[in-house]
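Lettered A, B, C and D in written order, each chain numbered from 1.
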Amino acid sequence: MKTAYNRIAGQSLERLSALSDGLFAFAMTLLVLDIRVPPIEGIHSESDLWRALLGLAPRVGMYLMSFLTLGIFWLGQQTQIQFLARGDRNLAWLHVAFLAAIALLPFSTALLAEFMAFRLALLVYWFNILIIGVALYFTWSYAVAAGLVKEDAPADVSAAVKRRIFIGQAFYAFGALLCVVSTYASIVFIMLVQVNYAVAPRFRLLYKL
Amino acid sequence: MKTAYNRIAGQSLERLSALSDGLFAFAMTLLVLDIRVPPIEGIHSESDLWRALLGLAPRVGMYLMSFLTLGIFWLGQQTQIQFLARGDRNLAWLHVAFLAAIALLPFSTALLAEFMAFRLALLVYWFNILIIGVALYFTWSYAVAAGLVKEDAPADVSAAVKRRIFIGQAFYAFGALLCVVSTYASIVFIMLVQVNYAVAPRFRLLYKL
Amino acid sequence: MKTAYNRIAGQSLERLSALSDGLFAFAMTLLVLDIRVPPIEGIHSESDLWRALLGLAPRVGMYLMSFLTLGIFWLGQQTQIQFLARGDRNLAWLHVAFLAAIALLPFSTALLAEFMAFRLALLVYWFNILIIGVALYFTWSYAVAAGLVKEDAPADVSAAVKRRIFIGQAFYAFGALLCVVSTYASIVFIMLVQVNYAVAPRFRLLYKL
Amino acid sequence: MKTAYNRIAGQSLERLSALSDGLFAFAMTLLVLDIRVPPIEGIHSESDLWRALLGLAPRVGMYLMSFLTLGIFWLGQQTQIQFLARGDRNLAWLHVAFLAAIALLPFSTALLAEFMAFRLALLVYWFNILIIGVALYFTWSYAVAAGLVKEDAPADVSAAVKRRIFIGQAFYAFGALLCVVSTYASIVFIMLVQVNYAVAPRFRLLYKL
């Protein structure tokens, strides 16, 4: 029987992880490029510089927000991969699709920061997070279906991974819906959800989600 | 006998993989830099923003196409390296040449997207893919000739790897030839070939290629 | 009992290291992008070129200074991680916060280089180094508290790590205070502290710090 | 006895390699950013596009030359590290200095390509390669002196590594000297030396160098 190329391709989880880490590192620093040193012309005093730096505050906020979101999904992908025994080429392609959506996040974040009052900007941002979530869901459900998960993984890991994605996406969708009231309400709500995921407060209820 | 430097250089497959993953990650995100947030001046309504975002669609398409092509060759390189027992400096240089061609791909893709109706742009794009394919072929045939392949690799891996490269390149060459009819015919054909490689449909005939 | 997602996330120290190395590599090269080849117009002789290159000297200095600072903190993070037996998601988030502060360093450095005579620029630079130091302190004290440190780590590693951070930050704070006299005094003092950390002179007193 | 921080820092060769690979990958692709798709305005025919692409040829050449040089030094560093049993913080700092010089190479290369007829540009390029060589020499001689080399490394590895650096640098210095005649003579000579290192011809004499 001939060895089909597709059966031997994409088995290395190490390389998938390394590609992902490189791409996340690059995406995380991409928005730093938008924080530019103010031009020295027209700045003659400490208070001029102070005003110029205050003008950069939204970009710094944007940068931190992007870092937060990317951190959440970096952890989400890592959590999945650590429970896999091996990869295959379909899994590799699903992760490449996930990464393609990840690399768009700095754009969506910058768009939202520039057009905070526009529902369309908010929906683009939400849609980006949605396709990331969908991709993460499929990487995991494919891994389970294809028998790539480690034998010694806790029996309910699969449920925990999927639950986290569903609940997270439900929060994001609710936040996006809030734009019917006001896009600012949406943004504040989504920010709080993300900070919650990073800080993981010890409130029993939220921690178990 | 003196130790010749060339005999001890470039043996690490781990470092070759890490260099490649970093370069692929960077090349994959390079075209994101061209998707710029539209300037806020002149955008006064949701529909203005909608039109501005629609104007970005070709760049997003270009970005996804580049991601797809880079994913195909990232998998191709990875598939080879996982069957190697060790490297040597000639192999390292062949892979560096491969990477030099890879890093040009975002340029070729952007050129084609900008000049879709120009045969020259299509031929540049095809030529880039051709030299990538040639480099991948030589990395593998060198590895086989130099005895770098793992002892326990399936006997017909070599045939499978070479067959995949030949068939892929034959499709690309045929697509390039279609520009005699129309460059759009070429582009659509090449896109379909690439999506086929990513999705790997279960049609028996195509899967075995 | 249900597996809480937070208990299974972020355990891989390898991926944390890889993400950090990618981000440090990118941050280190970021300021190179500001060293631009002078435009060929208006350069007609060797001495014209010489003058143009001399004009780049501050940017080269800035670049080297940034490299030095990033090298110090890269080593600081690496030293911690090598003594850890495993990670968890809180540790991962603390390191992501550390990385977010690291990626801002090229900006702070460029700001200081452009506004050397401004106290505000110096305080921004110092504040950036302070939050990096605070983040590094918390990554370590959390790791100790959560029992993530290797069993066979020398008993006083923890004290050595914390002492280094405290003494380093004390020097930086003293340097920042010197701006009451002159920002140049601050800059020279901070430079000397950093060169000292890189060169690690054999003077018994300083080496033990 | 107190654990001195400097004795426990920087021991990981894996992280040093990963940082290096990330930085090399970034430096290798940096010059691709200068190869820009020609603006569509003013290009109305295939021959217009052909002329525009020909105008990019020097940048493509520059890019390939930079890739070649970076490949040579990436291999040089890798060859050293694979013979090390462990690292320490002085070694880490010497490699960081090496990397700082590496990341400047795209600038030097672009400068030379823009100012080919200027001796100063050639001397800057040569000086960059000189400090890279000096750094590589010191990373190795320090590793030997500090007992970091693997016990089972061939006895004459050290001689082979140093010989390669000396002979390479002698060629580069001779090439730089040729600028007394003409900078073009220098460039052609240096190019030939670099291609020789990549291709490693089988002529017995050259191969043994």
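Basically, a contact is a pair of C-beta atoms (placed from the backbone, for glycine too) under 8 Å apart; a residue touches a chain by one contact, two chains touch by 3 or more.
Not measured: the values here are computed from a predicted model.
Peer 1: Could you tell me which chains are in contact with subunit A and with subunit D alike?
Peer 2: B, C
Peer 1: State the superposition rotation angle between the two copies subunit A and subunit B, fitting on C-alpha atoms only and giving a multiple of 5 degrees from 0 to 180.
Peer 2: Between subunit A and subunit B, the superposition angle is 90 degrees.
Peer 1: Given that subunit C and subunit D are copies and touch, would you call their interface same or different according to whether over half of its residue numbers are shared?
Peer 2: Different: when the shared numbers are divided by all numbers used, the fraction is under half.
Peer 1: On a CA-centroid basis, which chain has its centre farthest from subunit B's?
Peer 2: Ranked by distance of C-alpha centres from subunit B, the top chain is C.
Peer 1: What is the distance in Å between the mean C-alpha positions of subunit A and subunit C?
Peer 2: 25
Peer 1: So, what's the distance in Å between the C-alpha centres of subunit C and subunit B?
Peer 2: Here the centre of subunit C sits 36 Å away from the centre of subunit B.
Peer 1: Which positions in subunit B touch two or more other chains at once?
Peer 2: As it turns out, subunit B has residues touching two or more other chains at 18, 21-22, 25-26.
Peer 1: In the complex of these two chains, what residues of subunit A are touching subunit B?
Peer 2: 2-6, 8-12, 14-15, 18-23, 25-27, 30, 89-90, 92-93, 96, 99-100, 103-104, 106-107, 110-111, 114-115, 118-121, 124
Peer 1: Under the definition above, what is the set of subunit B residues touching subunit A in their complex?
Peer 2: Answer in residue numbers: 17-18, 21-22, 24-26, 28-29, 32-33, 35, 37, 40, 43, 46, 49-50, 53, 60, 63-64, 67, 71, 74-76, 78-79, 81-83, 154, 156-157, 159-161, 163-164, 198-200, 207-209.
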